[in-house]
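Consider the two complexes below, in which subunit A is the common component and subunit B and subunit C are the respective partners.
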Partner chain A sequence: MNRSPLNWPVIRLLVAKDWQLFQQQLAACVFGGIVALCLIGMATGWSFYLGSLLLIVMLVCTSCFSISNSLLVERKEHTLAFVMSLPVTPLDYYLSKLIGNLVTFLVPFLAMLAGTVLVILYTPLPDGLVVLSLLIFGHVLLAYAVSLSVAMAVESEGWNIFAMIASMLLINPLIMLLGQIPAINDHVKADTIYFAPVAVAILLAQATLSVVVLAATGWVHCRKKSFY
Partner chain B sequence: MSTAFALSGVTKRYENFALRDIDLSMPEGQVMGLVGVNGAGKTTLLRILGGLALADTGTVEVLGHDMPAQQVAAKSDLGFATEDMRLFKTRTLRWHMDFVRSIYPGWDEVYAADLLRRFDLRAEQRLAGFSHGQRVKALLMLNFARRPKLLLLDEPTTGLDPVARDEVLEALADVLRDEARSVLFSSHNTKDIEQMADTITFVHNGTLLASRDKESFLDDWRRVICHGSWVPDKAAWPEIAAVRQNGSIVELKVRQFSAGLLERMQTQGAEIRSADPMNLEDIFVTTVRAGGAA
Partner chain C sequence: MHDTVRFHYMDNLRALAMLAGVVFHAALAYSPLLHPYFPTADRAQSPAIDLVIWWLHLFRMPLFFVVAGFFAAMLLNKRGMAGLFLNRLRRIGLPLVIFCPLVIAAMSYSTLHAAAYVRNPSPVLLMIRQFSQMANPPAPPPGTGHLWFLYYLLFFYVLTWVARSLVPGKPGNFMRGLKPGWQLLLFPMLLAPALASVSAPHPAPESLFPQFWAFGFYGPFFVFGYLLSGHEALIDRFRGFAPWLLLASVALYGAFLYLLRRHVPTAASVPIALIEACISVWMTCVCLVAGRLLLNRSNRLLRYLSDASYWVYIVHLPILFVIQYRLMDMAWGWGAKFTVSVVATFAVCLLSYHLLVRKTVVGRLLGTRMPVAGSAAGA
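Let's look at the complex of A and B:
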């Protein structure tokens, strides 16, 4: 009994399909991100806070639209059955969703991350903000990985919405928590970038957890017994 | 002759339903009609064959490939459409055609264009603007034009107006002219099945009640009208599936009709008035109400 090898041509087509279905909302999110970065770059009190808030909203929107468009809507509108009737295995489907979501999320995410770092470095804002920004972006990445995993593993729409909202809302406590860590907080307003060991540890934990959560989801998904 | 599909000892359990011990196969080039009430297990059976649901136990082979291990090879030659399957509503039908064509090398663009015309579909229209009938026809067109060796269709004509239904059945008949292609389809409409199928399979409460070729199926069943006071005891007459008495008229639905049976009935004092063939719907309803054996 030979198991089907990965069907990369179809996986590529499914990724391209998700990209096409998402590109309009993606463009809107990137536009919103650019506006947010412009506000942050003005480096005044009100514009910095307004821009920061808008940037976080855009990151959350990008995350939610990406997951919702490619997974939740597909299940709700019964297009999943159409996709799974194509010559793909559950693993092919999982990989196409993983790659498709990472592409549709990481493209605007990385664009906004790079824009944030550049804005901090090339405006009067203190360069020390880079570390705090990276930690917040790291949390958004982890929250996205958790939401994506729940969307792939759990069919309940309620749990999916809960996972998206709860994981993203944890940004607030995270910022407060980071403000309580002197090794991080004391360098936020400095003109030099200082990666305290605790900051590096948190970043590594966020990245590792993101990968572990997604890998575990793949394991769960390939053991599902229904795909429609 | 090789088989289009073969199921052996297949079981699939859900919270409130179980498909039990299914043994069923179909030779290539055949058309099998699945008949059953809502919730009988028809859709589950089709989903298992289409690779959308995994059986809990048993073996499944589709076009010579073990499922689910070789499902990519099987699905490459498979067309699958269910009543609740949807296409992407923000995209046009042309987008879907290009998408499916890029996956299936056997896609026949000329045939697709012909089906578009016959189904009166506009390729540049977004699916969001399609009616139910247009959606069904679009899905069938995407399946037919890839020229699959085996078509699995779940309720392909349900909810269609008479014109659309006729168009779909005509296109399906075209597919069936190619003797190498096989079709398994379910329908509430037993007339469609009676018209198209070579083999008929009854499914009820997750089990197979019967699976036989259509001609012998229809030949075996008769509606016999008798006159007289004789009313058969069904336990002593296993050939008789149902008895209804109305005054001195007795209506019998017979599952294993033969001339010898009529003679035996006459010796019991029954005066035979008629012995007419039954349609598939009547046979199915009688089978289910009689508790199983067809």
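Let's look at the complex of A and C:
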């Protein structure tokens, strides 16, 4: 059987549709992100912690809103039935969701990551915090990839909410776990950046797992002949 | 129709605001008030400089942000949100990314050189000289230098999209519908909290981290300009008030200078902030009225200066620094040094514009030769 080529015009339209529906929430998150940056820029202890916390909250909100708007609400409001009437294959549909979600998530994610690294490097904060921050951001990326894959593969709303909340909340045990690893914890308050082998291994694992989870979901969709 | 109309007075006001920046920065070297803080601060000083430049400082950039907001709304109506972002990224974002590191590197190099060789250094140069003798001298925090306004413009374009996505209805109609007298009274009240949170005269928000006060002060001016677009007749409503606004601003400026001498400059007091806000708003309105009356025309010279102003503003400060560092050891009066530094800086900037920018890819990057006013807007 010949493999049908991807229907890029419709994929683009589906991405644009998701963008239109997500725009309002993203605007609120961007506004929150700017407020967080201003708080960090005030260069006082309380404003730094409040700003950092607000940045992480905005990051989690962006990821949850993005997945919820583009996938969960679509099923709930039966717009998926309309999408299925379009000339799209399950792989087209998967790609539109993947591209749309990755763009809406990765843009604020990378902006916040860059902002965090800049804050650490150019303020009196110890530069050793860079490694811990990268590991935390790595976890957010992995949690997002897992939540997105679950949302694309599992129809149950309950499981999807569980995946989103559980994966994001695991950030707390992760921070505690990292605090127990001397090779990481001993360098957090140092003025030099030290990538311990275990830190590099965790970072690589987070990045690899994120890609593998998304690729596996794509492989499943690639083999599908119908949406269900 | 807006598509074909060229708003000469807005073009010219934007150019004036930019070019006045060169004079303002040149004058800072001879200001007694800024002597402890400015790298090129000279032995020759005059209180007359303070009398003039802080007056200009209160409405030069506010006027610029009004013009930027005006052209942003015009561009948005013409090309939509995606078109606005693409255009602004090309005209504002790209020049910021390219020129900011270059001008900061040039200024750092000339300042380090001056700290080592100038015989009559300013307090800032003395401090740098002491730092450079340390084993591990502290690195200066990263910033945007005098190009901070480009950085904030990018935020304002993003916030334009945020506001259009989140704010229902048309609150602009309510604001436009207020009587001019109320607008002129309420607008300064809106700005006073932001100005009260920083020292007086307000500093430039050069940090890479956005500052609340800068959004609170310059943001409303951007919104004001945005609301004026398509409703230019609103400017005419201020015409009758203009002479009185000018007189009131001059009187308030006297009070501002008096209070400034009595006040410890960590953060402005509420009265000082209110005075600053009133002068900023009222003088910006006076400039808009005067611009619409006197500058709504174009000739080859005005057009050329308008086209050149963006480039001149971007490159002027490193050139000015080099010239003023050379002048520091000369036994001239402040007037001669100020005149030489302004004339020489303009000459080098305009010559470089003519030879290196106007007909080259850099000119296209900056949009300095575009035929429609909106294309160079906000820059």
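Rule of thumb we're sticking to: the second predicted complex is superposed on the first by the 207 of 228 C-alpha atoms of A that agree within 3 Å, B and C clash if a C-alpha of one lies under 4 Å from a C-alpha of the other, contacts with A are read in each partner's own complex, and residues count from 1 in each chain.
The rule we apply is simple: contacts are C-beta pairs under 8 Å (C-beta built on N, C-alpha and C of every residue); 3 or more make two chains touch, one makes a residue touch a chain.
A quick note: this is a predicted structure, and the numbers were derived from the prediction, not measured.
In the superposed model, A:Tyr194 lies in contact with neither subunit B nor subunit C. Of the two partner chains placed by the overlay, neither subunit B nor subunit C lies in contact with A:Phe162. Shared-chain residue A:Val88: touches subunit B; no touch with subunit C.
Of the two partner chains placed around the shared chain by superposition, subunit C is the only one that A:Gln23 touches, whereas subunit B remains out of contact. When the two complexes are superposed, the chain touching more residues of subunit A, out of subunit B and subunit C, is B. With both structures placed on the common chain, the touch criterion links A:Gly41 to subunit C but leaves subunit B unconnected. In the superposed model, A:His78 lies in contact with subunit B only, and not with subunit C. Legend: residue contacts after superposition of the two complexes on their common chain; A:Leu13 is shown touching subunit B, with no touch to subunit C. Note for the complex: subunit B touches subunit A at residues 47, 50-54, 56, 66, 68-73, 75-76, 78, 80-82, 84-91, 99, 102-103, 139. Chain contact summary for the complex, subunit C toward subunit A: residues 141-142, 155, 158-159, 161-162, 165-166, 207-212, 215. Across the complex, subunit B is touched by residues 1-5, 7, 9-10, 13, 17, 20-21, 77-79, 81-82, 84-89, 92, 225-228 of subunit A. By the touch criterion stated above, subunit A contacts subunit C in their complex at residues 23-24, 26-28, 30-31, 34, 37-38, 40-43, 118-119, 122-123.
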